[in-house]
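Two complexes come next, and they have one chain in common, chain A, joined by chain B in the first and chain C in the second.
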Partner chain A sequence: MRPRILILLAGLAAVLLARNLYVILLQLPDHPRQGPLYRIILFHVPAAWIAFLGFFAALVASILYLAKRNLRYDAFAVSVTEVGLAFAAANLVTGMIWGNSIWGTPWTWDARLTTTLVGCLLYAGYLMLRHAVEDPTERAKNSAVLSIIAFADVPIIFFSIELWRGQHPKLEVWRGEIVAPGYREMLFLNWAPLLLLAAVFVAVRMRQEVQQRELEALRRRVHAL
Partner chain B sequence: MLLRYVWLSFLQVAGEYSPEAYARNFRSLFWGLLGAWLALCAYLVWLAARERKLRRELESLRRMVEEREGEGKR
Partner chain C sequence: MRFLRQSLTIAAKDLRSEWRTKEALNSSVAFALVILLLFSFAFEPTEEQTRQIAGGLLWLAFAFAGALILNRSFARELPNDCLDALIAAPLTGAALFLGKLLANFVLLAAVELISLPVFGIFYDVNWTRQLGPLLEVMALGTWGMTVVGTLFSALTVNLRLRELMLPMLVYPVMLPALLAAVQLTSPLVMGQPLAGDLMVWLRLLVAFDVIFTALALALVETVLVR
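Coming up: the complex of A and B.
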């Protein structure tokens, strides 16, 4: 995608996020017990959705790479994994700050928190593995296998609240049971520009992956000359 | 000015909370939002730095290949 289009999309996402921030801070009502801090779910939850979506896209791209051996799928897989991990980090940070105020501690070994941390470590391992292998096809093959294995944690994260009793609250978005009015709509309205921002990050990261491959080819050529 | 407006608007809707509890709660929200945005901005800065480094390395390698190929022809 052309840089100008990417800048335009990033600008659009920024405008929408600024507008959302205004509505979130000044127009939405407070939670009856948690006060203004409840607003943090409007970033915490969309960030988790984007991270899940990124990891799912990485799974699909990794399977496609193993089936077709096309390095474009590998470039896409690493891009969405990295962006997904950045959003997972944002999700963890917002959750810890919320927990510190509501639970009195930023971290508990609750099933949802622990499985999310395990997922982040698995995907961080995926990115570290890529630095450890020099041969591009070997690197793509090994990391595709690891990406498929790492994805096994994602459904566990998603269903951890049902599987184990923990402290993490369950968000009933689909049944419309979010406490205060306006929050459900804003959850999706804030998710859209964050997703747009994530798509821009993925496009930039994919272009870098192509440049990286060109760089490796040039290095080999320099050594051969 | 804008921050003061935001703060006053919050105080107006504070209702049943004590000002101290509300301020503490609001502070947590502030740090939460800041944390989320810092995580994403840190990634953006890292992406930009990587882009610069890649471009620089590509340029220098392309120049090196041209020079070496030129020497080979001579």
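Coming up: the complex of A and C.
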């Protein structure tokens, strides 16, 4: 995508997010029991959705890479993984801020928290693996395999830890039970610009990845001469 | 049939060469003992409380010691380009993988069977009361650990930071198997029977083994050959 379009889209996301912040901070009522802090859920939950979407996109791109052997899929996989990891980190941090007040502790070893942490470590391992491999096709192949394994493992990890212990509040959105009015709509209204922002990040990151490969190819040609 | 015979040939080759040098086995057993020694400083070894976390101590020792064996599994084929020869040999990547897997399983099981009595002595635990189920759980847990570890051993064999990358990748992935094995081992070591709530952990362990064996056999051709 052209840089100008990307800047335009990022600007649109920024305007929407600023508008959302105004509504969230000044117009939405406090949560009856949890008070003003409840607003953080409007970033916590969309961040989790985006992270999950990113890892799922990485899985699809990895499978496509192994099937088609086109390095563009690999560039896409690493871009969505990195952005997904950033949003997963945002999810963890906002959750810890919330938990610190509501639970009285920033961290509990409950299923969702532990699974998110383990998932982050797995995908951090994915990025580390990429740095350790020099050859682009070897790197793409091995990291695609790892991405598939990681995605297959996360549900099993979640199940095993939930079996072990559980405490995380269940998401009430789908049952329409979110307590304060306006929050349910805002969850999706805030998700949209954040998703747009994530898409812009992915596009920028993918350009870098493609250019990096071109640069490496040029460097190899210079060495060959 | 041919597939199995090829795998067994690879496994026998690996075990034979390991038996002649014993380099992975010796270092792994020694490492497991060192870890058990270190744990005795972290937790009061003779207290009742420590016995309740016996499964965790044991499996962490197995997991750390196992990484040494798994690291060597494919790396031992690098000198003299043996790995290329194995890949060029007329057998599928899955057969090669299964052979390596079986050899690693035997080696890791040997390390565990040596360190288990030592653990019993150090921590004053009479672990033989539920010997059958305990061995069963150890076999299932070790299989899960070896499947994941052998696949990642193949994945990381050409890396500069191989020895570092393998544990970093393997431990999070095998977490469900490790958790289930720990949950099952602690009560078994204490002499409680394998029943009731524990069965769900056994099912999880079996499911993990089945899923990852299938996944590894499906993906290993890609990892090794293309």
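Rule of thumb we're sticking to: the second predicted complex is superposed on the first by the 212 of 225 C-alpha atoms of A that agree within 3 Å, B and C clash if a C-alpha of one lies under 4 Å from a C-alpha of the other, contacts with A are read in each partner's own complex, and residues count from 1 in each chain.
By definition in this document, a residue touches a chain if its C-beta (ideal position, glycine included) is under 8 Å from a C-beta of that chain, and two chains touch if they have at least 3 such contacts.
Because the structure is a prediction, the values reported are computed rather than measured.
Of the two partner chains placed by superposition, A:L189 touches none, neither chain B nor chain C.
Within the superposed three-chain model, A:E138 lies in touch with chain C and out of touch with chain B [touch as defined at top]. Looking at the shared chain after the overlay, A:L66 reaches chain C, while chain B stays out of its contact range. In the superposition on chain A, contact of A:I161 is made with chain C only, not with chain B. When both complexes are overlaid on chain A, the residue A:L127 reaches neither chain B nor chain C. Within the superposed three-chain model, A:L9 lies out of touch with both chain B and chain C [touch as defined at top].
In the superposition on chain A, A:D153 makes contact with chain C only, not with chain B. With both structures placed on the common chain, the touch criterion links A:Q212 to chain B but leaves chain C unconnected.
The wider contact with chain A, measured as residues touched, comes from B rather than the other of chain B and chain C.
On chain A, the surface touched by chain B in one complex and the surface touched by chain C in the other have no residue in common. Interface residues of chain B facing chain A in the complex, by the touch rule stated above, are 6, 9-10, 13-15, 17, 21-22, 24-26, 28-29, 31-33, 35-40, 43-44, 47, 50-51, 54-55, 57-58, 61-62, 64-65, 68-69, 72. Against chain C, the residues of chain A that register as touching in their complex are 66, 118, 121-122, 125, 128-129, 132-133, 138, 141-142, 145-146, 148-150, 152-153, 156-157, 159-161, 163-164. Residues of chain A touching chain B in their complex: 21, 25-26, 29-30, 34-37, 39-40, 43-44, 47, 83, 86-87, 89-90, 93-94, 96-98, 100-101, 197, 201, 204-205, 208, 211-212, 214-215, 218-219, 221-222, 225. Residues 151, 155-156, 158-161, 165, 168-169, 172-173, 175-176, 179-180, 183, 200-201, 204, 207-208, 211, 215, 219, 222-223, 226 of chain C are the ones that touch chain A when the two sit in their complex.
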